[in-house]
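Here you go, one structure.
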Amino acid sequence: MKTIREWLKKHKNFNMIAGAVITGLILLIAVIGLFYTPYPSTEMNASLKNSAPTIKHIMGCDNYGRDIFSRVMEGIRNTFFISLATVAIGTVVGVLVGSVCGYFGGLLDDILMRINDALFAFPSILLALVIISLLGTGTQNVVLALGIAFIPSFARIVRSEYKKQVSLDYVQSARLMGAGHVRLIFVHILPNIVPVLLSSVMIGFNNAVLAEAGLSYLGIGVQPPEASLGRMLSEAQSYLFTAPWYAIFPGLVIVLMVLGFALLAEGMTEE
Amino acid sequence: MKHYGKKLISMLLTLLAVSFLVFAAFEIIPGDPALSKLGDNATPEAIAALRAEMGLDRPFPVRYFSWLADCLKGNLGESYSYHMPVSEMIGDKLPITLTMAIMSMLLTMAVSVPLGLLLSKYAYSKLDRAGYVANQFLMSIPSFFLGILLTWFFGLILKLFTPGGFVSYKKDFAGFLGYLILPSIAIAIPKCAMSVKLLRSSILTEADKDYVRTAYSRGNSTMEVLYRHVLKNAMIPLVTFWGMAVADTIAGSIVVEQVFNIPGIGRIMLTSISHRDYPVVEAIILLIAFVVVVMNFIVDLLYRRLDPRMRRE
Amino acid sequence: MSETILEVKDFGIEFHDHDKPERVVEHVNFSLQRGEILGIVGESGSGKSMSALAIAGLLPRKKLKKEGQILFLGEDLMTMERKKLRGLQGDEISMIFQEPMTALNPTMKIGKQVEEALRIHHPEVTAEERKQRALTWLKNVEMDDPERVYDSYPHELSGGMRQRVMIAAAMVGNPQLLIADECTTALDVTVQAQIIRLLLEINKKEQVSVLFISHDLSLIRQISHRVIVMQLGHIVEQGDVEQIFNHPKEEYTKKLIAAIPKVEL
């Protein structure tokens, strides 16, 4: 306890702490949601249709009498893992493209970055919509679409970092000592851009959660009866008057997820 | 002037790249447009005939350029599912989405500047801290959830607003604008929060610069230093951000249209995606790209007005 | 007949931004006559720039404590009402700073910056007249094409030009006191010489008193009538320039003089 307090006093990085607490909590729920939910998420109970929050059903029940908390848990799980996969695709491909472009420069860099800029001008959710219209709906396609949609922003950041690093002394001396291109790119330079990458990964999560929720709100994405936070919101809209909690709880959970990642990103840039 | 020429060419190149990517993307997907138009039990002869009629038997580059030429003439093709010209389908919907996007951009600009000034003036005070927390929170709310909350609060509790009561701009322009106020707010709030945060920190950064001390040495008061010297410099990063926010705002409009049941571009885009009505999707994407690129051009002009260092050739 | 423009009495500054208060300037006493150029020399950390900023009224009020008196034409700047002090700044007391690259507002035209002091302190002067005076001063600081410079932005000028613009902007209100804080440090040697010559000319023509602050003894020797040597917040020695350079009394002054490179420019 004392060390935590000392660390707090020294760093005063409340963003990081608040972000870690919120994200940790959400992550915990996501992991628990893999094995356990208070009620089966698809169990309907006609007598509980649109019932208000009670001790047994802390977030109330939806229009089919399903426990909203259980569905929120499942939704968090889905959103979280979709975001994870999305960010993973975006980061890995983005790092590959960005590092090669930034390291080698030249014509390839020009062409790839022109395409990148054209894609970058599009908001990721629109790009994902286009890709989904090509691939069709469904969870895997959403992951793929969002993953592809996130590549440009990662590639852009990584490229500019590599451009900066390439001219530094340590790269020159490693090159003189005979390190090959691949070794230079991944062993020498990559570790140095990790701090920048890490905070953009957090921003990536932040955007992925927003985009996933947006897509599933539009009815594209995780398909019923699987629960997803965005779709819950769109269903809840018809019952806003009778059961406002149906919209409010899933919505708040989305806000918390986004907030957690945003605070982490903020905290990391502060460090 | 030379710069604008360059910018214009780069704008056209970007549009060309987008059009090519779009066309190529819809080209490589499996599925035969002729088949989807005629249905599964069409005879091979009928399909071949239609393919020839639609020009699908020509090589790829020929089709791309003839498609591009058609687009430039305003002929955006024909919808597979509605069998009507795409331009007719989107023509009267585009103003709705654009009006909403423009309203929310204007709202963001009008509200964020005074609030950013306020927070920077009281920097590090309790008000500033509360502002920080509020900003961080508002930034994290997706527009569609904000839209739902606003509908619930203004529509169902205060009864100041009729959800689903959209009026066409052709019938009642004032009523049309009135209906778009809440959706615009829903799109604007997160952008506004980001703008406030950005402006506050940018003002504080500028306030530490040497020219501020020079301005004080000439007898400027704190207010004069802020409004005559600091603000213009501090606006530069904010305008850059607004430039990037344009595209996001249009995307936001498409989602928020669903919340408020507004028959704009978003609605058509979603139905076209689910019906795989590619000509419509292609056209909408091109149109959005066009709008985004033009908006960026305008922001660039504004940016140049603000920052003389950018005017150097 | 000499008239005292500035009199600093038992002046001191104490920083309070850390746990322990830190005294950066202590027991500083000196005076400046009309038309005189007073050089203050010292290494960084000697408190010379702090004192200059305090006289120009530019030290932040929070986090530091000031003591003593700074009398400008008999009135104490330290206890003066803020508004009255602002009335003097840029009009009677002007300052030129070290960093010509950053001391000008990058998004404001040179002309507007040069005439700003007039706009603030003399609203009775018409816009046309303001422009004329700004152009006159731009010409006085040897700008080849004052009209063009008037409509330029800072990034379009070289460092030396910007510093001359700063001088024009400082002089446009005909101040009684000009404070130049390391105003040549960031410039190369030939430009330095031009600035020094300009300051000397202006001093002679306008009878403005100059407080010239520098770490460079040879510059101080070229420009000043009298010299103050400062070290660690204290005045070590002060006197006429020739007396200080030819017969320094204190060890520290001797060391400083000995450290001047022997090559004369």
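As written, the chains take the letters A, B and C, and residue 1 is the first residue of each chain.
Everything that follows uses one rule, which is that a residue touches a chain if its C-beta (ideal position, glycine included) is under 8 Å from a C-beta of that chain, and two chains touch if they have at least 3 such contacts.
Please read all numbers here as calculations on a predicted model, not as lab measurements.
**Q** Touch graph of the chains shown: is it line, ring, star, complete or other?
**A** Topology of the interface graph: linear, an open chain of contacts.
**Q** Quick check: more C-beta contact pairs at A-B or at B-C?
**A** Output for the comparison: A-B.
**Q** With centres defined by CA atoms only, which chain is the most remote from chain C?
**A** A
**Q** Please indicate the chain closest to the centre of the assembly, with centres calculated from CA atoms only.
**A** Nearest to the common C-alpha centre lies chain B.
**Q** How big is the gap, in whole Å, between where the Cα atoms of chain A centre and where those of chain C centre?
**A** The mean C-alpha positions of chain A and chain C differ by 55 Å.
**Q** Starting from the mean Cα coordinates of chain A and chain B, work out the distance between those two points in Å.
**A** 22
**Q** Please compute the C-alpha centroid of chain B, do the same for chain C, then give the distance between them in whole Å.
**A** Result: the chain centres lie 52 Å from each other.
**Q** Check each residue of chain A and list the ones that touch at least two other chains.
**A** none
**Q** Where on chain C is chain B touching in the complex?
**A** Residues of chain C touching chain B: 56, 58, 86-91, 94-95, 97, 99, 102-108, 116-117, 120-121, 153, 155-156, 166, 169.
**Q** Where on chain A is chain B touching in the complex?
**A** 114-115, 117-119, 121-123, 125-126, 129-130, 132-134, 137, 206, 210, 213-214, 217-220, 230, 233-234, 236-237, 240-241, 244, 247-248, 251, 254-256, 258-259, 262-263, 266
**Q** In the complex, go through chain B and note every residue touching chain C.
**A** 209-211, 213-221, 224, 228-229, 232-233, 236, 306-309, 312
**Q** Can you list the residues on chain B that touch chain A in the complex?
**A** 13-14, 17-18, 21-22, 25-26, 29, 136-137, 139-142, 144-145, 148-149, 151-152, 156, 247-248, 250-252, 254-255, 258-259, 269-270, 272-274, 276, 278, 281, 285, 288-289, 292-293, 296
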